[in-house]
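Next come two complexes, and both contain chain A; in the first it sits with chain B, in the second with chain C.
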Partner chain A sequence: MKQLLWAERRKLRHSKIVWIAVFAVVMIAVIVFAEGQFVFKGSRYIDGAGWFMTAAQSLATFFVLPAVIALLGSYMICREEQEDTLKSLRLVPVDEAKLTVAKMIVAMVFSILIYLLLFVITFAVEAIMHFGTLSIQTVWGFLFTYFVNGIGVFFAISPIVALVARMKKGYWLALVFAEIYSFAGLFASMSEILKIAYPITAVFNLSGYYEATIGNKAISLVILLLCITLTIFILSGFNRNSKRIDVQ
Partner chain B sequence: MSDYVIETKRLTKNYGEQTAVNAVNVHVEKGRIYGLLGRNGAGKTTIMKMILGLTPITSGEVDVFGQNIKGREKRVYPRIGAIIETPGFYPNLTGTENLEIFARLRGTAAPNAVKNALDIVGLPYRDKKLFSKYSLGMKQRLGIANAILHDPELLILDEPTNGLDPIGIAEVRDFIKDLSTEHGKTILISSHILSEIALLADDIGIIDHGVLLEENSMETLKRKNSKYILLQVSDIPKTSLVLERQFGVTDYSVQDDHSLRIYNTSLDMAAVNKALVVQDVAVISSQLCNDTLEDYFKKITGGEGIA
Partner chain C sequence: MLKLTQTEFLKLRRRKFILLMLLAALLMPFLAIFYFRDIRETGIDTIQFYKWTAFSYTPWIILPVVLGVFSTMLMYDEHQNDMLKQLWIVPISKTKYFFSKFIVVLSYSICFMLLTAGLSVIFGTLPGYITFEWSSFCYLLKKCMEIAILTSFAILPLLAVAAAGKSYIFPVCLTLVYTFLGFILLMVNMYLHPLSSMTAIVMRDIPGVVLTQTLNIPAAFICIAIWCAGSVVLAILALGKRK
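So, the complex of A and B:
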């Protein structure tokens, strides 16, 4: 397993998708910063301590990062077949179930890292602008939010990754599906009930961006665990099938 | 116990209605180079895939190292190096990085295995060039490097010289030969180029439309197709007698009821003719023939020949 994880990380070297993700994060920060220049009740949004960090993770989660993470996840799985490397891996031999698990783990770590990168950028800006007013506690709170967002978003989009991997129609589909899926979260957030149950907004319940009771948090957690269960279910079917399908 | 590294028994593969491989019995002996020769679509790749367990077998059996491979992949694959069709690598990585991944996944112990393998196939170590920028020949070389990376006993190479230029082909041929003679590796190689196989293989299997038409050692084949005198006579038994008793010829073969081949081409045919006439044997014709392997393949593949 250690070797597989190492290999998965290695395979992402010089990879465009990783750079797309980093670029996306920087763009989010820039856009939210620009948004922050609007004046509301006599002061700019960005002048409120913590506003930038709050707005950035919310915008990122509704519009950008789930799609990027889903894209990377399904790219990692689909590429082995598209680039015909699965054949070479089978001859090593590599256990395909373990291979998929390794890929999912790397995708989750990537998800966390990409949120942490956003955290680092937004924190740096906040630290420069509001050094005095930002308490350690607030910062820790945000770090927690970003971290949980990273894990939670991965859980929420994982069924899409699995589904796209199984469809074998190209990993770009994951980007499209995840984009629609996360965008729909905006509408889900308008309903008190959907807000708890919809996977994307369920992440916010857990990460502390939304105020939520313990009960609601528990429901959200169950929803996300169901997501990952569904993923495992789809992927195990996929692995069983692909054993029977010829390597071209 | 047979000394076959690979043995197939009535190996068959159907793709839907089509029978791609039909009851093939291949015998690859230890330490030898076995050339699988056949035209495009003959079924070479399919046979290799079935041997390696990459595609399900419709019927028949495959033994590798004397046993069925199924369920023993973990122990058998490390002893095999293979390229099947075009080698699959990660396009966003360099050749060295690609090999490092496979070396690590295989748990290859030798620290400079990657460098050695690249040296052998003539690719630079730690080069900056990404696999996606490789030429066809370089890709093929990297595939071979990956196949020999873990120093396997058995190599299964599906058209390894595909896309190489003539000098490259000669290089690859030399080191494949070297792997066999110097390092005692067993090699199963496929090609649609007769001359390629003729220069390389110790044994040869000719496959056409999924059927193994002939399996023989190269020596036998070459002999079959070297120079000979084709003698057409009215009575074969009498002729044999004359040849053996009066001329001491043993190196001949009977083709059918009226013709035989004499491989000793320096025989005095005038004297033979005279002796036969004395024995009341009518000599219909006597000619010196020079069949090439090429002609032979044309004949056994039913006239279509081979590139």
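So, the complex of A and C:
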């Protein structure tokens, strides 16, 4: 497993996707900063301490990042089939189940790092603009929120990535599904029940972005765990199928 | 050019995923069922219903993302299957090739918006939220066609980027960022980004829409024209360099 994780990390180093994802995160920060120039009741949004860090995480989660993470996950899985390296891996032989798990772990780490990068950028801007008004507690609170968002968003989109792993060539589908799935979270947040139960908004309940009771947080956690259980279920079915193909 | 466009349409028959992407047109009409459920008793204005299902998030987010992914697919699949070399041998004009792709995107955009219009009427009349009127339906169709045509022009930069590169990762990520930028700039300056300019043009005569910025239709058209011209130049130069 350790070797597979090492190999996946090495493969990503040669790929442009990491830099493209970094570009997407930087652009999100720039775009949200541009939105912060909007004047409301005589002052700009960006002038409020903490506004940038608050707005960036929700906008990024509803509009861009889940799709980017799903794209990376599905890309890592589909590239073996696409670049015809799967045959070589089978000849080694590499356990396909372990390989998929390794890819999923790398995608989760990538998801966390993407959110932490967004935190670093937004924190840097906040520190420049409102250094005096930011307390250490606030910053730690935001760091925790971004970290949990990174893990939670991966859990929420993992069934889509798993489905792609099963279909092999469905990376387009993963992207469109993930985008609509995350975008629908915007509407789910309008309903008190859906806010707790919809996986994307459940992430915000857990991370503390939304104010939630312990009970609501527990339900959100169960929803996200159900997502990851569904992923394991899809992947285990897929591995059984691929083993059957190998035997034939 | 006509033959080239016809060939492009024939190629689409092999891609079932393109039909699946049309399902995205269901999202806003479906969500409208829940959104308007509580205000049903007070009476729902037909135009207000259509504004939610077809004139808001569909042109702001859903249609641009779908068209961006569609444009990338059109270009990427040919790179992947190494079909471009064969096309250049025929020979096919690179400008005509690019515009034939654009016509396919435009047609897909029209199909998507017509489907949205149809679904808006079905999801509005079946639960009894609105009553079917020819005048409002014609207005819906007119607006949907406007959105379809303008969005396909606003998405030209993404088609150009997809034509310029060989990978699908960058155009697809750019689609997300580009759409997000267009949506955010709606509040800041509508005349910088083609998608927000398209919204300014579409919103000009929708009843009940209050814009915080002064409406300047010529500026919106100029914005779209500049971006389109730049995109066409970029695409033709990039395709010209390719062997």
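The rule is simple: the second predicted complex is superposed on the first by the 243 of 248 C-alpha atoms of A that agree within 3 Å, B and C clash if a C-alpha of one lies under 4 Å from a C-alpha of the other, contacts with A are read in each partner's own complex, and residues count from 1 in each chain.
In this text, a contact is a pair of C-beta atoms (placed from the backbone, for glycine too) under 8 Å apart; a residue touches a chain by one contact, two chains touch by 3 or more.
Small disclaimer: the values here were computed from a predicted structure and weren't measured.
*Asks:* Between chain B and chain C, positioned on chain A by superposition, is the outcome a clash or a fit?
*Replies:* fit
*Asks:* Kindly classify A:Phe23 by the partners it touches after superposition: chain B alone (first), chain C alone (second), both, or neither?
*Replies:* After superposing on A, A:Phe23 lies in contact with chain C but is clear of chain B.
*Asks:* For the superposed three-chain arrangement, provide the angle chain B-chain A-chain C between C-alpha centres, rounded in steps of 10 degrees.
*Replies:* 90
*Asks:* Chain B or chain C: which reaches more residues on chain A?
*Replies:* Of chain B and chain C, C contacts more residues of chain A.
*Asks:* Look at the superposition and give the distance in whole angstrom between the closest pair of CA atoms, one from chain B and one from chain C.
*Replies:* In this superposition, no C-alpha atom of chain B lies closer than 11 Å to one of chain C.
*Asks:* In the superposed arrangement, what residues of chain A touch both chain B and chain C?
*Replies:* In chain A, positions 16 sit in both the chain B and chain C interfaces.
*Asks:* Considering only the defined contacts, which chain C positions touch chain A in the complex?
*Replies:* 17, 20-21, 24, 27, 31, 34-35, 57, 61-62, 65-66, 69, 73, 80, 167-170, 172-173, 176-177, 179-181, 183-185, 187-188
*Asks:* Where on chain A does chain B make contact in their complex?
*Replies:* Residues 3-4, 6-7, 10-11, 13-16, 79, 83-94, 244, 246-247.
*Asks:* Can you check the complex and tell me which residues of chain A touch chain C?
*Replies:* Going by the criterion above, the answer is residues 16-17, 20-21, 23-24, 27-28, 31-32, 34-35, 37-38, 59, 63-64, 67-68, 71, 75, 82, 170-173, 175-176, 179-180, 183-184, 187, 190-191.
*Asks:* Going by the contact rule at the top, pick out the chain B residues touching chain A in the complex.
*Replies:* 49, 52, 54-56, 73-74, 77, 80, 82, 84, 86-93, 97, 100-102, 104-107, 130, 146
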